[in-house]
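For clarity, chains are labelled A, B, C and D in written order, and residue numbers in each chain start from 1.
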C-alpha cells in the first residue's frame, strides 16, 4: 500500500537538493563559523550566503536576519524580546486568539509579568477584522503580533492592511509567517512588517532551524544570552548545515512559486469538492478563497477526529486533527473555538495539507477511502442517528 | 598540504556513523514526532531511543532528559529556569568567573532582574576551591552552577566535592558538562548534579542540538513557551535528525572511552612536552594533570594570539586563541584574567585541542611549524628584545 | 501510540449498536470533552445477557467501550459492578497515560446502565 | 576574515625593525589592549628617508604597520602627516569592521614618531 502524506502543515519531507546542499556541512566542512582559520571561513561564508538568500526572499537586508532553532524560538524572541526592550514605552500587546501556541503562550507569560494582552477575535472564517485591530490600539500598545496564515484552517490574514494600521500608529508589527512562507509572496516593506518568523521544516528544509527578521532600528532584547554569534543577537554555535539547508529550501521554493501554488490549489480544490460531494454532514473550515493553497480542513459531524485519523493511518494516509502539537492532547482546537464552532463539532476536525509529492491519484485514493471510514465511525456514534434524523427530517 | 585540525573544543567533525544514523531522518523518515500516524511514530521512537541513550550515558532516567538547540540554550534554561521557578525561596546564585558566556551572560541578566550572583574565583590553575564555595553559600542561595571542565584551559573541577557541598546545603546544582562529555565519566547521582548541559557538536555529533538533564522534582521554568513537545518543557518541532545524531554520537564515544582518552592524552603530552622544549618564554595554562585529555593551552610571551593563529592557518593548522566565540572580539579571555594572568600575557594565548583524527605525525608537524612562526612574530615584536633581555639577564 | 490489542478492538469492535427496548441505558461523557459512550443492556435472572455500545470518541474510547461489552456479557449484576475502568484498561494491555483519565469511561457507562436498570426495576416499570 | 592584500602585508611585511639612532620614535597602543606599534624614522631634508616598525598585535596591526612604513618612506614631513589610519586601511583594500578602530593605529604611531622628531629638532637635540 502506497502511503500518502497529507500533513505538510505539520512538517514537510526534505527536498533531496536541500540534503545535498547540507551534506558538505555534515562532513568535511565542519568548521565553527566563529573561528578564524580557513575551515571556519567556509562555514561562515555558507551561513552568510543563506542569510542573503533569506533576506532577499522577504525583501530585507542580510543584517536584519537572525537564525534561530525554529519557528517557536523566533516567535518567543519576537514577543518577549520586543516586550522587554520596549517596556519603557508601554505594556500593552495585541495579538489574536488563533495564533500558534508559541505566540499565545509567550503572550500569556508576559501577562504574568505585568503586560496586558488583547486577543483579537476572528470571524467565522478565521479572519481578523481591521476595525477590531484599530479599536484595540491603546496609547501604551507597543506590539502587534498577527500570523500571516493560520496553521490549522489555513486562513490568510489581510496582513498588508493590518500592517498599515500598525505603521499608522507607529507600533511594532510582528507576523508569524511560518505557514505562509513558500506559498504567499512576502515583502516586509510592502506589508509593513517589523518582525517576521519562519521555520525551515515547513518548506522542505530541515527541522530545528528558523529565522527571525528584525527590521533595522527595532529594539528587541536577546532571548538567549551567551556568545557573540549572529551579531550578538543569538548566541550558540551556529547550526551550519541546518542554516545551509534553510537557504537552499528557500532558493528552491522561490524558483517556481506560482506554478507550485497553482498545482496545489488545483489538487486541494479537487479534494474539497470530492469530500463535500461524497459525504454529507460535513463542512469546510476556514476561508473559502483566502486560504493556503494546500490546506483543506473539514468537520465531519457526529464523529471524533482522532479515531478518524487512526483509521486513515491504517489505510496509509497521514493527516491531522488540528495542529500537530495539540493532537497529543484532548483539548479541542483553540482556533476552531475562536471561530465560533461548538465544542462537539470542534472535536470532529480533519486537516489534510497537501505538498509537492501529492498527485491526483492521491486525492482519488483519499476520496475512495474516506467516505466508508466516516460511515463506519458514524455507525458507532450515539450522536449520529438522533441528529441525522433531525437534520434529515 | 595536509590540514591539521586542532580546535576540537570549538567543534568536532561529525563521525561518519553519526551522519549515517541521521540520514533516514533527513530523508524518508521525516514525520513530526508529535503526530499520531505511523510515520510520526517512527520519528518519535527514534527520539525516544536517543533520549534513553543520553539518560544512560549520565546515569539519569529518560524522563529527565530534555533536548534543546545546543549548549547555550541548555545553560540559559538551567540558570534562568531555576531562578524563575525558585525565586520564592531566595534570589542568590553562585557560579564561577570562568564559566562559558552562556552561563555568565545569563547570570548577568538575572542580576538585572534583581538576583544577586557570586562569581567564585579560581586559582592559578583555573580550579575552584571547595572552601570558597562553602563560604559563598547564603540562606537565600537557590542555585550553584559550576562547569565540569573549562573550554579554554581545559581544567577539570572537583565536581563531586562541589556537588556534595550543594547537596549538604540542599541547593540546586547545575554543571555545564559541554566540554567534559565524552572524556570524563559522568554520573549525576555520584556527582550530586541536579542539572547538566551537553552539546552534540562537541562530541562528534551535529551542531544545533543539546541536552538539559533535569533531576526529577527540581523545579525549572520553561525558557521557551509553546507546544507540548518534550513533555511540555521545551516546545518546537523536534530536530529529529539532530537528536538521532546526538544519540549516535554518545553511543560511539561511550564505546571505548578509556582507550580514546588514553590516546588523546598521549598525543597531548607529546605536544606539550615538545612545545615547552622547543620554544622558550612559553607557559602551559590550566592544571598540569586535572585537564581535559585533548587540551593544550599555551602563552607565548611577547606575541599576540591572532597573528599566531593566522600564521598557523597558512600552514594548514587550525587552532584557537581562546574560546571560539571570543576570537572575533578583541577582549582577552575572561578565563585567563580570572586565573590571574596580566592582560599582556592573556593576549598571547594559543589553544590546541586534539581529537580522534589527530596522529603523532600531526604533532610532529606542529612542532616543526610552530617554533619558526613564534620566532618570526617575536622578531617583529617591540616587546621581545626588551623583555627577553631582562628575563635573559 | 496504542498497543495492538487496543487497535484490534478499535478496528473490529464487538457489540456495536443499541438494544431495542433495553432494560437499562447508561450514557456518560459529553461532546464538549470529545467522548460520549452510550451502553444499553438486557438483563435476565440478574445476569447481563446482552450489552451493546455506541461511542463518539477517540480510538481509546471506542476500544474500551467494546472491551467492556465483552467483559460484561454473561456476568451477574454484582460481578459487572465490580468491573472498573482500570480493569478495562488492563484487559486492553494498557492505554497511553494521557488517555487513562479522559477516554476510559466504559465502566462508568456500564454502571450507569445497571443503575438505570435497577431504578426501573425498583419502580416496577 | 582578511583580504589578500592584508594577508600579503602580514606575511611579508616590509621595513621590520628599529633604526639605530633614529631621528624620531613613536609608540602607540598598550599591551592590555593587545596592540603595540613602535615606529622609528630617519629624516633628511624634511623628508622621511627610512621608516621601520615593530608591532605586537594581530595580523591587521602588523599589516597596517608595514603599509604605513611603505607609504611614508620618501614623503615630506607634511605629506606624511597627511596620512591617516583610514588611508592606510584603504591602501590595504579595507579591514574587517571590528579591526578598524582597534588595530588600525599605524598612522598614529607614525605621527607620534614625527612629533618626537619635531620636538627633538625644536630642542636642538
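Here, contacts are C-beta pairs under 8 Å (C-beta built on N, C-alpha and C of every residue); 3 or more make two chains touch, one makes a residue touch a chain.
Fair warning: this is a prediction, and the values are worked out from it, not measured in the lab.
Pretend chain B isn't there and tell me which chains still hang together through touching.
Minus chain B, contact groups: A, C | D.
Starting from the Cα centroid of chain A, hunt down the chain whose centroid lies farthest away.
D
Any idea how many Å lie between the Cα centroids of chain A and chain B?
Comparing mean C-alpha positions, chain B is 35 Å from chain A.
How far is the middle of chain A from the middle of chain D, if each middle is the mean of its Cα atoms, in Å?
Taking the average C-alpha coordinate of chain A and of chain D, the gap between them is 56 Å.
With centres defined as the mean C-alpha position, give me the chain A-chain C separation in Å.
Centre-to-centre distance between chain A and chain C: 40 Å.
Please set out, as single numbers or ranges, the residues of chain A touching at least two other chains.
36, 306, 310, 328-329
What topology does the chain contact graph adopt: line, ring, star, complete, or other?
Per interface graph, the chains form a line.
Could you run through all the chain pairs that touch each other?
A-B, A-C, B-D
So in the complex, the part of chain B that touches chain A is made up of which residues?
3, 5, 7, 10-14, 16, 19, 22, 26-28, 30-32, 34-40, 68-73, 75-76, 100-102, 105-106, 108-109, 199, 201, 206-209, 223-229, 235-242, 306, 309-310, 312-313, 318-321, 323-329
Help me check something: in the complex, which residues belonging to chain A touch chain C?
So the residues of chain A in touch with chain C come to 302-304, 306-307, 310-311, 314, 328-330, 332, 343-344, 347, 379-383.
Spell out the residues on chain C that touch chain A in their complex, using ranges where they run on.
Residue list for chain C touching chain A: 2, 7, 10-11, 13, 16, 27, 31-38, 53-59, 61-62, 98, 102-103.
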